């Protein structure tokens, strides 16, 4: 056998986070039947250990950068950044889930195992250097997410959410695959660097229209996963119907990973035709911001509102992708990290507030939270202010870097329209704050217990991170800047 | 000979595909899909994809479609009722679809570099040996990672379909 | 190192202390912390200024690099020059006095610790705004003070009007901030930096733009920000409503400090404005218009705080007039004297309201000069100051402005003089209605405690002699050279006479012949009503801005009702709304097949664009 | 009659089948049929992979389509389980009835 295909130990090290996650997830599956009812949260703690081990694994892998398994994987700063981000979102989601699962009497090892598998899939995605690996990673992450979205299988909203996510997700994946098939046919390779090489060589490169068409088909798949217009339609329904911690997870983790492959494919493989896809992304970014922000104005359900807000924020990140510059990539990475914190934080409050069966998910139900639980309300306000982009919060610098990158790339109109959009967005976030502080307490807050320890930990950690990123953005931005793709 | 085989089986594939779309009863659609798959298996053979033709029959037509048929029987799914809730789908879906096919057909016809003719037997790498060699060397990692995928599928099916929590 | 950071850090510490443990502390401890921090901050400012000496050039302290990415390098830098020094003294000095006053005023209110926590937080952001050595840090303070203002306006959240006013303030300010943000980006793109020093160094050698150009755009965008924060046409509408907040807040934030941030920012950016005469002209005209418009509205109002609120808007207009005609020093001078007498007016009004147990309607007052003599005495000091009677505070600064305006365009001077007369008139009217004649209400007025009138006495002294003692333009001369040419005594005399005339007319109308004012009002009929209803500007905005947005999106309807910009009169015209809502429903019908059709449609569109339309671009 | 056909015919067949799959997804009202339409689309993609593989004289396309097949199997397992839960809770397989989450 050809010697270059025999995996070396260093290859396994580069693959360490995924391996560790798989080992722990499998362990949890095995231990699940051996764990008594009511003790299942211990498996969750094991999952937490697994995530921390995976973070350590990612650090070890980052110390040994390079490709692995005949160029299938590429461990670079970019991959490491998103590996950390995925794992981090996993940790935060896990901490929210303890209380949720206990409350819904649905604690089981499978939930934790699926969460770990999904994160493993995201880690594969973000470090993939091959369209095959991207596809498989994407599917691992997605299939686990489909199940998580429908985790409470006796809940009609969960069912519908899972069904919509699954059917539409597979539908969009088929488009992605079709695009991959074409790009393979045109370039004869599925390796990103090789594709870029062929596409940039004008003598070899075939018709630009065909390349554009395959880029378009792949765009459908990626745009769907990041909920970019006009492929954002699924997101509100799915996020609204899924269990609250899962919605938090879906809108932060898989979305960030999807952005990672979006960036990698478009900035590596399709860079030679950037002039063409830039126009499409321009329009898509604008439409995404508009749809997200204006539809969010209409919502009375807070989960749905956060879903539209997540669409709007995807629009801001798309502005950064549109620049296809290193600084834009770094801005997108920073924004995704900042968004992960504030978003999971906001969903943690929803998880806490909704109570059993997610009864209280209307904005009006939050009335009087400012008096009843001032700390929770204050923390939620921090997240909302960060969503708005008020200075000293992470959201401000996120937007600042993105629009700066856009201006550097001469996207003046997109910047102006994006800023206008973020001005509109202030209305609906503000409304939540107004309801919390300035409305008479409703009966929905009367029997509210104080948040469970896990949720409190998430709230404090996310708020601290939101503020720290707002005051010392350089810490993350330097990392992102060094890791950003050229 | 190649041309005739192609035309026959392409016709079968398209015919069965159309049937899938127009049939009201899911079981008819499922059987049509099996027909498409079988026809495609022959076309794979023509293209020199021996291993894939076999896998297509065994995995796709054999395993996956049996699962489908089984589910249809289990749920006792009858003919679908006529509803007109999906107004948008009716108004825009079909024109969009026609546009899609025309567009892709157009792109292929006019833009793909003048393609060679497919002659059976000129490409013989697609045997189990050829595929296996690649699969266990270059594509070792994705192959191993798909095991994870299957594991998740089993786990997911168990989570969703078992009797009580 | 002068440790400038201590100046904002002290109030921040106060916020942190009161915000976290204030609920459990006794009231006296909360007050002590809350008042001590601004006072210490004031003392630190004095110490710093004395050790920095003459400050002929700016003194800058760098703490750490905040953002470093590519060409962008922004540090957390604080800067003190003479302009900053003036602002620092006003903010910390007046701020301390108002904190002290608030201890008495808020003594019996709920959420005592919360109030002072917010107030200290405000001080932190305001001082950051003033000290920041670049536009981004200034923006941090700028947004922060807006946030605190929002929290404090809505402090009495049980009153719906308070919550509405808070939201209105925040939203109107967002429009202004949008302009500021755009200016920020434009400056960065053009100059590659946001540091005051670097930006101004880059602007200085550029030619003066006689037609609209880049600098004009930056200057105008900055001014859009200023119109929001400093309540100028067309964004002034939030300030009168902001009087829903507790009176010390009105005095500190909505009279003495925050609202003057726009003036400070324009003065700070003087170099940019001097290179954009077109923008200067816009600033001057907007300022002048605001001054006149707000003064006329002030004449007709009966709520004592609303009268002073419109007066604030009008006086801010004066300040921008000064900046617009190039007399930046005069503008800052007026910021200072205005801080003295307007804070005093508000605090005095608060004392009256306190005495009358919450009554704010002038028609329910009268004859109070015997019942609350100390309040009356201090308010008289503010009265003569704002009316521009020499040698009191307002006279000096207003005179500077009017002379500069005359130098620029004589007609501006004359409009300014008329406004000065109106100013004297409405303040006198309020004073006469409140303190003279017979008591018309049914409360039992009582004098306020010492802790409240103590600060009033200090402010009264400042209102009387502060203008004469603190010659701000001379101090600022290194930054803004003094205008040549002496004072034309005729012009001075005219403006003083206008003030005296205003007082006299008010005396006749409200003391000598009390019925006359009403008959004049009814003689003016429709016009009076128009002015009384604030020129229907709120309603106009409603029709021109709010409703179209409302109808653009179904939900905006109830959202804006929530905001309070309209009072539920929006039925009937929902056709368009239904149309948009219908389209939205078609997109988000919950039906999977529709979604799939949408995805297909989208993919065709993307395919057409990428596969065919731009295919030939390469 | 020529003895062989150009490769682009295969690709056009693939496009037609893909389009039929899309059509099935949009027009069919039974969830299981909709799911089968997705399978049809994946089959169409596989045909493209194998056709391109022939043109390039590479096995890589076969391997890609092999992975697509594996993924399809995994998706079928999970998808049918999801459909089962929907059916258990709603006693319907009509896709139009599963539309309670909306604006």
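Lettered A, B, C and D in written order, each chain numbered from 1.
Basically, a contact is a pair of C-beta atoms (placed from the backbone, for glycine too) under 8 Å apart; a residue touches a chain by one contact, two chains touch by 3 or more.
Computed from a predicted structure; not experimentally measured.
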Those chains which touch chain D and also touch chain C
A, B
Looking only at C-beta pairs in contact, point me to the busier pair out of B-C and A-C.
A-C
Distance between the CA centroids of chain B and chain C (whole Å) is 68
Chain-centre distance (mean CA atoms) for chain A and chain C, in whole Å, is 41
Geometric centre distance via CA averages, chain D-chain B, whole Å:
5
Can you give the whole-Å distance between the Cα centres of chain A and chain B?
30
Where does chain D touch two or more other chains at once, residue-wise?
11, 18, 21-22, 25-27, 29, 34-35, 51, 55, 58, 60, 63, 67, 71, 74-75, 78, 81-83, 85, 96, 98-103
Two or more other chains are touched by the chain B residues 85-86, 89, 93, 97, 100, 103-104, 107, 112, 139, 142, 146, 149, 152-153, 156, 159-160
Multi-chain contacts in chain A: which residues touch at least two other chains?
132, 136, 139, 143, 146-147, 150, 153, 162-164, 167, 171, 207, 209-210, 213, 236-237, 295, 298-299
Building nodes from the protein chains and edges from chain pairs that touch, which of line, ring, star, complete or other describes the result?
complete
Mind pulling up the chain A residues that touch chain C in the complex?
163-164, 167-168, 171-172, 175, 207-210, 212-213, 215-217, 219-220, 223-224, 229-231, 233-234, 236-237, 273, 275-277, 279-280, 294-295, 297-299, 327, 330, 385, 390-392, 397, 401, 403-404, 407-408, 415-416, 419-420, 423, 426-428, 430-431, 434, 437-440, 472-474, 477-478, 481
Which positions of chain C touch chain D when the two form their complex?
584-585, 588-593, 596-597, 600
So in the complex, which bits of chain D are touching chain C?
22, 25-27, 29, 34, 95-96, 98-103
Looking at the complex, which residues from chain A come into contact with chain B?
1-2, 5, 7, 15, 18, 22, 26, 29, 68-70, 72-73, 105-106, 108, 110-111, 113-114, 117, 120-121, 124, 130, 132-133, 136-137, 139-140, 143-144, 146-147, 150-151, 153, 162, 206-207, 209-210, 213
Touching residues of chain D toward chain A in the complex: what are they?
11, 18, 21, 25, 31, 34-35, 38, 41-42, 44-45, 48-49, 51-52, 55-56, 58, 60-61, 63-64, 67-68, 71, 74-75, 78-79, 81-83, 85-86, 88-90, 98-103
